[in-house]
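Note that the chains are named A, B and C in the order they appear, and that numbering of residues resets to 1 at the start of each chain.
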Amino acid sequence: MTQLPMKQLGFYVDTAKCTGCKTCQLSCKDENDLKVGVNWRRVYEYGGGDWMQNADGTYEQNVFAYYTSISCNHCAQPACTKACPTGAMHKREQDGLVVVDGDVCVGCRYCEMACPYGAPQFDAEKKVMTKCDGCYDRVEQGRMPICIESCPLRALEFGPIDELRAKYGTEADIAPLPDSSLTLPSLVMKASRHAKPSGDRTGRIINTREV
Amino acid sequence: MHELPLVFFTVLAQGTVGLFLVLACLLMVNSDNSRQQLLNKMLMVVLVLLGISGAAAMTHLGQPLRAINVVFGLEHLSALSVEIMSTSLFGGAVLTYVAMTHFGILPKLQKLVLAGAMGLGVLLLLAIANVYTLATVPAWNSGWTVFQFVMTAFVVGIPAAALMLRTQSVLLGAYQKNADRAMATLGFLVMGVVLVGYPLYLFWLGQVDLPANPLGLFEYHGSLMLARLALLFVGMGLWVISATRGSNTVVGLTAFSTIMVLMAELCGRIFFYDLHMFASGM
Amino acid sequence: MKKLLDSALSSIVKRRTFMKWGTAAGGAAVVAGNALPLKAIAAESSSEKKSEEKVTWTACMVNCGSRCPLQVHTKDGVITHVESDNRGDDVYGDHQIRACLRGRSIKQRVYNPDRLKYPMKRVGKRGEGRFERISWDEALDTIARQLKYTIDTYGNDAIYYQYGSGTQGYKTDGPFAGKRLLNLIGGYLPYYGNYSWGQIQFALPFTYGGGRPAAYGSFTSEIANAELLVMFGYNPAETRMSGGGEIYEHTNAVNSKNVRTIIIDPRYTDTMLGKESEWIPIRPGTDAALVEAIAWVLINEQMVDEAFLEKFCVGYDEKTLPASAPKNGHYKAHILGQGPDGIEKTPEWAATITGIPAKKIIQLAREIGSAKPAYIIQGTGIQRQANGEQASRAICMLPILTGNIGLAGTNTGEMPGNYGFPVKTLPIGNNPIKTAIPFFKWTDAIHRHHEMTDKTDGLQGGTHLKNPIKFIWQYAGNITINQHSDINRTKEILSDESKCEFILVFENHMTPTARFADILLPDITTIENYEVASNGYSSGSLGAVIPLVPAIEPMYECRSAYDICSGIAQRFGLEEQYTEGKTHEEWVAELYELMRKEQPQVPTLEDLRRDGPYKQSAPESIRIALKDFRSNPNKHPLGTPSGKIEIYSEKLATIAAEWELPEGDVVTPIPQYVTTWESHLDPLTEKYPLQLIGFHTKGRVHSTYHNVALLREAVTDAVWMNPADAEARGVKDGDMLKVWNDRGETRIPAKVSPRIMPGVAALAEGAWYTPGKDGVDRGGSFNVLTTHRNTPLSKGNPMHTNLVEIAKA
């Protein structure tokens, strides 16, 4: 394995604040000129619950829902780089961001199969894999990724992951996200009051056609 | 379904390895020189099939012209790099063997090369399975993936080998009849294994903890699985029965059987790729 | 972009435009290059990018209630991407006004394949959508000729200024430019009210008097001072999306004290998601029944604020009932079953109507009765129902009964108040035509104007219409087809070209309404224009002055409404009067200076344009509605006849007696639940068993931004159905459905979700009407299902009251 990055950058996602507005997704698409079908940031709607009708026709329910905004988690143990046959998908040493080298990628889509977060997004026009690159060019200029800066609810943060963890803890196992031990994502989440643990089967991703 | 090229590649490559392994076994135990030459020629077919499956795989690449870049992945043992390398090495070994026998190069080493190719063939089967046993894809991450991929080699390889020999039944005479019967016996066993194994696999799948019922993902899956089992049963069955009953030289029937089992495995593989469902369903 | 370029290049465009797109192609290539994943060669290309890139402050000006600044980045005159307000350290209170997903995608709306390029005239039948390119001269000549003809043949009152909210933010262009011209040439038929708040704004003055609060209650910042927050169909997460506006303020206020929040809505909205303490799903159109049962509990459990009611209100009980009222005409009698209907409004009674269990209603009533202070608020979806006036007044009864009025942490039960920075507008002169129609009745004014009176159809400022509408002036609106009710009926009325003789449309895009134009004018978009805008009408406590500087040159042959109207004025010989010798930019500058005389703290126009919006927080003194009245009712009486809160309105009693209402329509002096047509109790449910409500979707603003593919992908249009209703119809998530009633049919996929109550379906309004060859809409356009029938009092739009059936298509 390559040596650990000098400073691992990562995301904080507050599912208690997030309203699922998708501004983060769109600002990313605008900045990076992404087409329909290529979503570096995706907002998953997770929900469930049952309805019961009483004898008088009234209803009881225990409905719940919340959104999780996920891009690439620039994992400490990325499944994508491990899978990649060309090394195009690589983890940068300076900041731990996982980036595709579009000039090396053969477009085999194996990283897409391996990543449990749906992060790699195949560009059908350029025929190579693309993915959230942590806006490293902005970050290098001392600016925030555009998705972070765009969130109307201030539900997203970005920075050295150890600082984010010191501030917010280490939660990263919220449904519909997979077990974080699979790839050790550089991600910290705040749970919505409704949040279910990874592996939960009481709800489902409701907006399957939007992600 | 963007994986369709991979469906063809994996099934064809596995079937080809199976075919090769059967032919190679026959070669290993063979001592008749003219038979040897005939069998060696048959290996050309293996090369052609391998070429076709390789081409199918290439069509899945967005940037086929950069295919050479896959060597970089060997550095960190990318399963895909290993698979692609195994394919090339296997193909290379078969080619070397064919070339050596054709041009009569180093006759003493030929069997050794053949044995090596057999080893690489087995390696290739495992390497393909290894690509798909991803920890992040629970529906794939099990011995059932290896089982299925190896069984495809047998299921397709044995009737295909039988077919090849039958086309040469005039030249091969009694040898062919005996070999055919032996293969049919083997095929019978294999059929038993898969007809038990595949339903068990489906049963296992129903038990895996997944975000959605993997057996209810697509409406056509029910028919796909039924078709797979039916095609297998008909394909293998017809050939095995006819072979054990003594009609060991009929080409048409075996060809039909081979196509049936090939289709069965393609159905199975489409189902397999559809199962690509992450631990989370994301 | 490529498609756009292709279409731009293949069309016959002027040399100038052609050249611009030539450079655009180069620019696009650079953009694409930069977007490659390995943005590498980084340092080099990004510093290069910096030196050439231009950043311009402008804004998103659509009608969502907010007004978000945008920094448009361009290179060689082509937009590369947009940023929003990213200045300062974003401390709450002086926070950034962050655009939502729509503003963020404005590049796609500006560079859109649907963009109109040059003036066009209709060829073929009206609505067919066949047009022929004409010159600006021909377009302006035709319009001027038609205006003169209409005025000479019928009169100015045959010219209708149509509702159109596409450029809410303009102060010196758009609607102002148009009305200024029309007034100069003798006036036009005006409307009153609007599609947004027609019912609530009409109804609440009967309770609270005119002016504020007649739709604007306390600021949401007051929520922080409340102990309980009750929201009826108020959904700021989806309808107030700006990161500088209500949703952000709302979230901060709720979180600051962890205020207990109860939300009453048939849908589990994005405002909830665990942020609510409790969701109470309610059958559409039945909020007034819920309120009455709550009142029953409050009265029976002695939780009403009798002292408040006696001192500040009229008509709660015998003590304050006006002399003109019938005996037992007061609210208390009505609730306790002593009124004319003799029904006691018990929780059990309301349970069967609302679908809410009686014990839940009791619990809710006790919470509302005991929490002090309680902030009670409603959205305006509720009043977009068949008797929305009653419902909106009814909800206000809760703060009134509990005395939660005029104090810190309270609200009047209305939409929240907002601070709008007073930016000056272009003077529009006076309209000599005094008779106004309700905004919703223009289709009637085309085909049955002679039957319309003040008492039948709510005419104001006159009793009759002298003329039918002959000329529709539609600027920045998709009302004429898409956003008004019953598209099929509207089409039928408009297809008779002898009735409404001329439809003039100013647009950016080839919308369903644009297809019905006789002359279709290509307007520039707001980011191609000069303006100084204020923050919107739903931006919470944060006021702002927002500069708009053209980020790109006007595209194609597009012209601003101001330019167009100057051109028409010239054909009337009135150009000098119209422009007063000023260019549009000069008007902007002059009005800005006028404002600065009154608001000297505002930076100079030059600084504003360079540094971006000026922000100013609302003074504390204006945040609580009815504060003055509460502290001194004699000194600060309300605008009602009695000067008090009128639970019993004598004015309404008069209306109820004098107006001619169709069967089933009810106006009453006190707010009360009425079982309406197309409710869940209508026998029509046998044929159409589902109540279909609309909602305003985060994926667009009404129909604006609908043609942005990235947004259609991000928020896919679909009918929300409860799993039980879906299963009963064999419908699975994602299935293509047909949704229909006697008025029309649309096709749209299913979104099967527990987030909607059984028996109710929901569809986002605003999708573009897209009829197939068989006339059936394929676009999921809501208004093929709605009715021209109006609400009883304000004669407004009951667009959320619809019975439908749904099946797999």
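Assorted remarks:
In the analysis below, a contact is a pair of C-beta atoms (placed from the backbone, for glycine too) under 8 Å apart; a residue touches a chain by one contact, two chains touch by 3 or more.
Values in this document were obtained by computation on a predicted structure and should not be read as measured data.
Put simply, the chain farthest from chain C by mean CA position is B.
Counting C-beta pairs in contact, the chain pair with the highest total is A-C.
The centroid of the Cα atoms in chain A and the matching centroid in chain B are 38 Å apart. Averaging C-alpha coordinates per chain places the centre of chain A 34 Å away from that of chain C. Once the centre of each chain is set as its mean CA position, chain B and chain C turn out to be 63 Å apart. Chain A has residues 126, 128-129 in contact with two or more other chains.
Contacts from chain A toward chain C in the complex involve residues 16-23, 25-27, 29-34, 36-37, 43, 47-51, 53-54, 56-61, 63-67, 99-103, 126, 128-131, 133, 136-137, 140-141, 146, 149-154, 192-195, 206-210.
Chain A contributes residues 1, 42, 44, 70, 79, 81-88, 104-110, 113-118, 122, 126-129, 175-179, 182-183, 198-199, 201, 204-205, 211 to its touches with chain B in the complex. Only residues 1, 31-32, 34-40, 42, 46, 81-84, 86, 90, 98-102, 104-105, 107-108, 237-238, 241-244, 247-248, 251, 268, 270-275, 279, 281, 348, 351-352, 354-358, 698, 709-711, 713-716, 718, 722-724, 733-734, 749, 751, 753-755, 757-758 of chain C touch chain A when the two sit together in their complex. The part of chain B that touches chain A in the complex is made up of residues 2, 60-64, 66-67, 69-70, 72-73, 75-76, 78-81, 84, 131, 134-137, 209, 211-212, 276, 278-282.
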